[in-house]
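Just below is one structure, and these are the notes that go with it.
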Amino acid sequence: MTQKIDPLKKMNWFDRIAHPGQFLKWSGYLILPLAILSAILFGVGLWFAFFNSPEDYQMGNTVRIMYIHVPNAWLSQLVYVMMAVSAIGTLVWRHPLADVSMKVAAPLGAAFTTMALFTGMLWGRPTWGTYWEWDGRMTATLILLLMYLGIIALWRSFDDQLRAAKLIAIITLVGVINIPIIKFSVDWWNTLHQPSIVSTEGLSMPASIYTPLLIMTFAFTVLFALLQTNATRTEILRRKADRQLRKSLNKENG
Amino acid sequence: MKAFLSILLRDIKLATSSFGDMLTLVLFFIMIGVIVPIAIGPDKDLLALIAPGVIWIAAFLSSLLALDKMFRQDFDDGSLLAMRHASISFEAIVFAKLIAHWLTSILPLIIATPMLALMLNMNAQILTYTIISLTVGTPALISFGAVGAAITVSLRRGGLIAPVLILPLTLPILIFGVSAIKTGTGVGTQGTALLILGAISLVTVAFTPFASALALKLTQE
Amino acid sequence: MPNKEAYSSQQINVSKLSLIRSERLILSDVNFSVKSGKAIFLRGDNGVGKTSLLMAIAGYLHIGAGEISWRTDNDNEEENSLIDNLHFIAHQTAIKPTLSLKDNLMFWCTLYGGAPEKVIDALKTVGLSHAIDFEAGLLSAGQKKRLSLARLLVANRALWLLDEPTSSLDREGDKLVANLIDNHLERGGIAIIATHLDLNIKNAKTFILTKTNQHGEIA
Amino acid sequence: MPNKEAYSSQQINVSKLSLIRSERLILSDVNFSVKSGKAIFLRGDNGVGKTSLLMAIAGYLHIGAGEISWRTDNDNEEENSLIDNLHFIAHQTAIKPTLSLKDNLMFWCTLYGGAPEKVIDALKTVGLSHAIDFEAGLLSAGQKKRLSLARLLVANRALWLLDEPTSSLDREGDKLVANLIDNHLERGGIAIIATHLDLNIKNAKTFILTKTNQHGEIA
Amino acid sequence: MKAFLSILLRDIKLATSSFGDMLTLVLFFIMIGVIVPIAIGPDKDLLALIAPGVIWIAAFLSSLLALDKMFRQDFDDGSLLAMRHASISFEAIVFAKLIAHWLTSILPLIIATPMLALMLNMNAQILTYTIISLTVGTPALISFGAVGAAITVSLRRGGLIAPVLILPLTLPILIFGVSAIKTGTGVGTQGTALLILGAISLVTVAFTPFASALALKLTQE
């Protein structure tokens, strides 16, 4: 008598809703609301940012880059935290969905980090007169990007994605412990040699700037949730299709 | 010809199918550019001064460290032995592998150069020179490298030995490579350096497949 | 069997061969010859020098003394050399784990100048037809061996050098190897096989290597 | 045979075992048990999952479903776990080519907590006594296999997991393996052997793995 | 304890018996020191200015590139699998291997430092600081590195991926390492940097064997 493997048997509620099959079902209902919410937030935020917030007395209109820059910079860090949480899920609970979420978050994180760097550089040109400055925060962000890219390279180096997940989880966790140390050391390193040319704390933050910034941050965060959910679904479906293909191959050829 | 192409295509396919490897190499190249400022301090003038040297060092080290990829796997799994009975000459096979290696390991580095240039505060003109200099000089680099890789492929832990063996031989490439970038070193020196670099590349590319093939044959005794 | 054209008639002679590896005399005074349609089994204890002998014939080892010669009726100069007329299946499988079985074999087929149509047939013959588009890295030990044996079928070389061709194979696999060799001999091919197993092959003689010189030093 | 102390009485149970590798169900519903003094042969076609099953018992693979349990009379808690009571001889030989045969074996002896005196005896038993101070890199395929088998004799573990122990061995080598196993069983040991060959062992049963699930998928 | 020592001794013996490997690594270290002046020009003041950075970069890259040696061979030939049934815990084995690796790969570099210092025009005091800084910082470097090496050991072409993965994580070591050398950067900063470096080393050496052992176990599934 063959023993049936029923993955849904003996699972608590959390494992149930987070099981890949189940996730595919309920997350489908999430896509549209998230898309609408982020569209609204972007609409409102961008309107505020471009038409209803003051120019900076020093930086003029270029201050508007901030509404893109700061949310992306914030997400660059949030995504890593999310990846680390998924890493725990992979290692401790051996949860199949955690694998997937960890994997799809890396390119998203890299994208947000790239955006933060890119907008920062665009902003740096008019304000500091240079695209790149080895300032502590900028350097730390660059290092974060390198970490994301290293993790992506690692994913792509493994043939067996299941084994890869557990191994990458380990390095992700080692990384999360290290991020504060990196930040601290880079700040310390820079202040040793020369003070920043423009201190970012120098910006005053009246409500007319603060409000759109908050809305934009929220908008980008929702966008991330949307992209993450969608990418997770795509990856699950891709793995399923992969398996299906192999199965049909076998049936055909005996 | 068909067999020649089949080697070329297979090697490119193998390299791109392990996309992670290519990305890794590019990252390594960029990281060298990043650790230099971190180690020697963020002084911008100083950085601009040493930028051409730093980029060439990064390309130099990355190319040398990528050498091991050229023959290692085919040696380990017995493919190289089996290739000696192919319908084309073994030298032609080695030549095809050399071309594939340049396309999959060196070209990506050259494409990534602008990113490094930006961080090192290079201007557009110098960046252009840098790219030209790398394009002309790297074929010589990996041709020499191929000999080193062939000689050391049978050593079980090849990683660093080929680079160390080849590095002294390739120092001229580094020297002329950097000279071909630096402006203001006197009228014409830049062009001359580039010409010499090109000449070295042509000669080495023509000769090294024979030396590499011979080394591979001997190493398999 | 896909390919039935006959090879031209040929013969390999090993005479008074001595082999030296790492300054040790491994084999001395080895004499035998095989001609079209015949096979020879190399037998002998572990470490006696079977693998080394095959490598010497394939041209990988420097020959200490003696001669290995190859004669053929075909007077086409180009195809006349030993090295272009043999195929060596060693312990190493020459398989790329990231390529599919088909791509793996197709590459060797092109490289050896074989006909591309033979690839699928060859995979079928060695019992891997269900896995043609699989990545080769997922194969078990025996399946890998089968894939490397398939190279023999696409390469179309007259002299087969086989080093323990049945290692890792199941019973059915042993029969498969015997069949492959039989067919090869029928077409006028030659096979030299180092093995510890009894393979049931009609036109085969056995050549036993003995241990006299093992670990002996050269003066 | 050097060592004659008996092992305490023990038993291994594999029940309802399913194995998944790379999301493919390799084996399902495997049931067997072996106890002290008995051996079991795992047989089956190439790719059926023999190696995978041995790896699962050794604790290298995550088990999909079912159970592998180990019972022993010895109530010393520390020595009670399966992983500390077994020795796995795989295709890979775990031999360092630059060390001498003796140093190679001595290392494993110390690591497994064996008695150093046994090292030379073990090398003699596997027929390598003439090469004790040779560098292991110079060994032939079969000699390497013999050296890795010698590890069994110094490790003193009750459960032997052997994956094709006779591959590359000559006839005499096959007998040697059978002898080693017989002696091990006499001392109250257990052996699980994946092989395609017939080994002549008294207390052995055969367990045939079948292909039903090959390349099957999990729902 | 006996088993622990046997690992340590074996690894040291293996490393010294392939003396060429050790020499290669030292040569690589020195060569980086040589190519920097060649690439950026022979200005002596400039060289003295960047010397501590260059030495740390050389040590940093050499150590990262030597990582692959830590587990690769034992993984490939099945020794690591067999070690899981040893009479001591697998974590202890990994720890022993870590120590052996430091002794055979890093210590030779530190010993070779004076030669590099000479070429880079360093004075004796700074050289002393450099040696102290390297001694205190490198254990952390290879501890992080061990995790990277363990994770990537099953990749057939591991060469550069572990360094690329680990490099960003270990930049703080580079930063504090260089700071611990540079004099004249304010009272006390040098000492502080050294203290922080030591603290990082202690913590990582204590924790990473567990992470590495876990990675090695998972990689063999």
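We call the chains A, B, C, D and E, going by the order they appear; numbering starts again at 1 in every chain.
Just so we're on the same page, contacts are C-beta pairs under 8 Å (C-beta built on N, C-alpha and C of every residue); 3 or more make two chains touch, one makes a residue touch a chain.
Keep in mind the model is a prediction, meaning the values are calculated, not measured.
Participant: Just list the two chains that share the greatest number of C-beta contact pairs.
Facilitator: B-E
Participant: Among the chains here, which has the CA centroid at the largest distance from subunit B's centroid?
Facilitator: Result for max centroid distance from subunit B is chain D.
Participant: Taking CA centroids for every chain, report which one is farthest away from subunit C.
Facilitator: It is A whose centre lies farthest from that of subunit C.
Participant: When the centre of a chain is set as the mean of its C-alpha atoms, what distance in Å lies between subunit A and subunit B?
Facilitator: Each chain reduced to its C-alpha mean, subunit A and subunit B end up 34 Å apart.
Participant: Using Cα averages as centroids, what's the distance between subunit C and subunit D in whole Å?
Facilitator: 31
Participant: Mind pulling the subunit D residues that touch 2 or more other chains?
Facilitator: 22, 62, 91, 215
Participant: Mark out which residues of subunit E touch at least two other chains, giving numbers and ranges.
Facilitator: 18, 73, 156, 161, 164, 167-168, 171, 175, 221
Participant: What are the residue numbers in subunit A that touch two or more other chains?
Facilitator: 143, 146, 150, 153-154, 157-158, 189, 193, 246, 250
Participant: For the complex, give me every residue of subunit A touching subunit E.
Facilitator: 143-144, 146-147, 150-151, 153-154, 157-158, 163, 166-168, 170-171, 174-175, 178, 181-182, 184-186, 188-189, 192-193
Participant: For the complex, which residues does subunit D have touching subunit C?
Facilitator: Those residues of subunit D that touch subunit C are 22, 44-47, 51, 91, 127, 130-131, 134, 138-143, 145-146, 164, 167-174, 196, 215.
Participant: What residues on subunit E touch subunit A, complex-wise?
Facilitator: 144, 147-148, 151-152, 154-155, 161, 164-165, 167-169, 171-172, 175-176, 179, 185-186, 189, 200, 208, 211, 214-215, 218-219, 221
Participant: Going by the contact rule at the top, pick out the subunit C residues touching subunit A in the complex.
Facilitator: Touch list, subunit C to subunit A: 97-98, 129-135, 137.
Participant: Give every residue of subunit B touching subunit C within the complex, in rising order.
Facilitator: Listed in rising order, the residues of subunit B that touch subunit C are 2-3, 6-7, 10, 13-14, 17-18, 73, 76-79, 81-88, 220-221.
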